[in-house]
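My questions all concern the structure below.
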Amino acid sequence: MGKITLRNVVKRFGDAEVIPPLDLDIENGEFVVFVGPSGCGKSTLLRLIAGLEDTSDGVISIDGLDATDTPPAKRGLAMVFQSYALYPHMTVRKNIAFPLKMAGLSPEAAAKKVEAAAKVLNLTAYLDRKPGQLSGGQRQRVAIGRAIVREPKAFLFDEPLSNLDAALRVNMRLEISELHQTLKTTMVYVTHDQVEAMTMADKIVVLNAGRIEQVGSPLTLYNRPANLFVAGFIGSPKMNFVTGAEAEAHGAPTIGIRPEHIDLSAQNGDWQGKVGVSEHLGSDTFLHVHVPEVGVVTVRAGGEVAARHGDTVWLTLQADRIHRFGPDGKAL
Amino acid sequence: MARKTTQTRKALTTVAAWSIGFLIFFPILWTVLMSFHSEGDAIKGPFAMLASPWTFESYGEVQHRSNYALHFWNSVVISFGSTLAALVIAIPAAWAMAFVPGRRTKDLLMWMLSTKMMPSVGVLIPMYLMFRDFGLLDTRSGLVAVLTLINLPIVVWMLYTYFKEIPGEILEAARMDGASLRSEILHVLTPMAVPGIASTVLLNVILAWNEAFWTLQLTTSDAAPLTQFIASYSSPEGLFYAKLSAASTMAIAPILILGWFSQKQLVRGLTFGAVK
Amino acid sequence: MATKASRTAARAMVSPAVILLLGWMIVPLAMTLYFSFLRYNLLNPTQGGFAGFDNYYYFLTNPAFFQALTNTLTLVLGVLVITVFGGIGLALLLDQPIWGQGVVRVLVIAPFFVMPTVSALVWKNMFMNPVNGMFAHMAKAMGLQPYDFLAHAPLASIIVIVAWQWLPFSTLILLTALQSLDREQQEAAEMDGASVFNRFVYLTVPHLTRAVTVVILIQTIFLLSVFAEILVTTNGGPGTASTNISYLVYAQSLLNYDVGGGSAGGIIAVILANIVAFFVMRMIGKNLDA
């Protein structure tokens, strides 16, 4: 079991309110990702759930029991830290066995669990090494191993992939997702990378300045962002925003259109513009088109498009993909 | 800049540096050399002494006449005893200040340091009278207690600077793994800080070994460490240069060796982390 | 960065150290203060009672006090001048590429580990003794009259001995500071066209300033209370020519058994040290976070 409920949770550091009153439900077995720009309070929120910080107000309950004042050791949660936080003076075996030793498990039983975890994580060959002798990816696996042997109610991940290089990050992303499929345990995952959030989450919580902007499945957030912030944060390249007369023409003070929802033509369309920078990725081409009265519009085109700097192009917006936002930034 | 250095220049600086180094070290070297000659030869003048036969007789004499072994043992007990006692008190304190810093942590550290600046003579009389009344004069336990308190601020400070370098996330991980505070300090922090703790021990043993105010004031014979034992040579009878040299050599040799191992930590410890 | 529980634990963990140090500071100091207002002589138990400021009056008007104060300051300043300038020179020399740098370092550092009583006695007997000392032998070899250093220039001799003990400390700290100079910064300055001299004046000197302040202030703490060196070499003499405040208080209390007068002297020593400490704490406090 691993149902985590936050009711009216507030966190203040001195006079500064880092997290204004906040409610959140994390269902058993769910993979929930907290995403947001740095300083949005997502890590603080995770640490509140972990018990590494006190809540200033409100109630955190785990499986229906009030855990607000329970020390971290007693909450039955496991955490994987950004720096992995492995014990440098212990071998991999001892690192993974540490929580079991703390729980008072017999050395034999602990050894069995460690072996099993090592097998799942491909660490068997490294059990007698110290963390200093491992690569980044291996350290990451040890940190995960240390978390899974306890069979916790939920896993907490604090930006676990940000110290890995790009290729490894993709691999570990898959491994963690796979782990979730196998264990079916609740996972709470903090990241600033919206790609990680989109690819891994069952449910994304978008945070900004300590407030929850929107909660929903990846595709919900993509298709129906609740406000300008979520619309701009989810999706890459960013959604184009247009204000002024062009927006009013579509019936809203601000409209948004994703680069992949604009059709490109050499002859005709809604807007005429000149190509500025074009980024060729092979599979796609991102064109930055200067449109008079509108500004720079990013357009995603096929990989074979041969637009050059200074070329004149025509853009057409896919009408059913236009997002409309009111004066308060909320979606209409 | 290394790349521009010519061999000649390097040779010249080498000669200069070695000469000065030799000059500074000379009093120690001379003491050691003198200890291997007889009393009669020791005062004949430098060249006559070096030409005279070598002997170990002074070392035997020192032990025979004044029970050197007892004073050596007193020094060991007092310096290690006071350092270990300080360590037991300081590790929890340094843990708290390094990992749970509050608004007043810095002031607290500064205040601890300021106790080091109180001149010992300021409390000489009460300490002397208290020691007399409690029967602690000339006892090892009394001296261990005083030196523990004297060195406590330095021990706390050094440990604090070492603990600061350990990422707090690792201790949080231990907490998440279900470790109690005791386990966190005993099984995670202390083993990780072993190099820092070792340097702290080393420096404080050296400081306690050489402490020469309280050891001189509060001991006379039974608990007298080497500082007091050597001071007893200040009013000599008869020929004593060789014996003084032998006793001095034995008194400084162990700490000199420890000291050479702890050069780097010395800087950090004595400047309270201001110079690393 | 922490929870209420861990803050409570932290308070419990620091309290033994704080309580012990507080006791160590307050109890004996309060007793000294109390004694300093009493007529209290261990040799004369019949005399007693409240003395008011008499002890302070006698201690401060004793000609020995003024001499001790001057001696204390001369000792501190003399040693500081020798060790700071000597230390800068030595550190610059040892920072050059030389063969066997490690060995030279070890030789230079050695005196710091010699216990004060040993170094004082070695200098007193093996070097400064007017009959059998090394200097006397050298003088005789050159046909000169041996000089009795400790009898005729006691304070200067003690300054030399103490400076020999502390020169390694300043050298080591300044050398460490020199070696932590940012090489890239030096190279950037070189690319900017700064000469060797300019690089020394504009980069090395400011970098060393902090280390020099640290050396001065920390040595001052220790030098204000030099004691063993005086005890075993001159006993503060001849007369009071080499008596400093520490030694004067010791002589007053444990040689003359005048508890009241000695306590007054102790309090005065504490006040003087506090004046110095005030500046030390400000400096170290500033460097604390760096």
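Observations, loosely collected:
Labels for the chains are A, B and C, by order of writing; each one numbers its residues from 1.
Just so we're on the same page, a residue touches a chain if its C-beta (ideal position, glycine included) is under 8 Å from a C-beta of that chain, and two chains touch if they have at least 3 such contacts.
Keep in mind it's a predicted model, so treat the numbers as computed, not measured.
Here the chain at the heart of the structure, going by C-alpha means, is B. Taking each chain's centre as the mean of its C-alpha atoms, the one that lies farthest from the centre of subunit C is A. Note on chain placement: the centre of subunit B and the centre of subunit C lie 16 Å apart, centres being C-alpha means. A separation of 54 Å divides the Cα centre of subunit A from that of subunit B. Separating the CA-averaged centres of subunit A and subunit C is a span of 59 Å.
Under the contact definition stated at the top, the residues of subunit C that touch 2 or more other chains are 1-2. Within subunit B, contacts with two or more other chains are made by no residue at all. Contact with two or more other chains is made by residues 52, 71 of subunit A. Residues of subunit C that touch subunit B in their complex: 1-2, 6-7, 9-11, 13-14, 16-18, 20-21, 24-25, 27-29, 31-32, 35, 90, 93-94, 96-101, 103-119, 121-127, 131-132, 134, 137, 140-141, 164, 167-169, 172-173, 176-177, 180, 186, 190, 210-211, 214, 218, 221, 224-225, 227-228, 231-233, 245-246, 249-250, 253-254, 259, 262-263, 265-267, 269-270, 272-274, 276-277, 280-281, 284-285, 287-288, 290. Chain contact summary for the complex, subunit B toward subunit A: residues 167, 169-170, 172-180, 183, 187-188, 191-192, 194. Of all residues in subunit B, those touching subunit C in their complex are 1-2, 5, 10, 13-14, 16-18, 20-22, 24-25, 27-28, 30-31, 34, 43, 45-46, 89-90, 92-93, 95-97, 99-102, 106, 108-110, 112-130, 149, 152-153, 156, 168, 181, 206, 209-210, 212-213, 216-217, 226-228, 230-231, 233-234, 236, 241, 244-245, 248, 251-252, 255-256, 258-260, 263-264, 266-267, 270-276.
Interface residues of subunit A, counted against subunit B in their complex, comprise 50, 52, 71-74, 77-79, 81-83, 85-90, 98-99, 102-103, 146, 150. Of all residues in subunit A, those touching subunit C in their complex are 51-54, 71.
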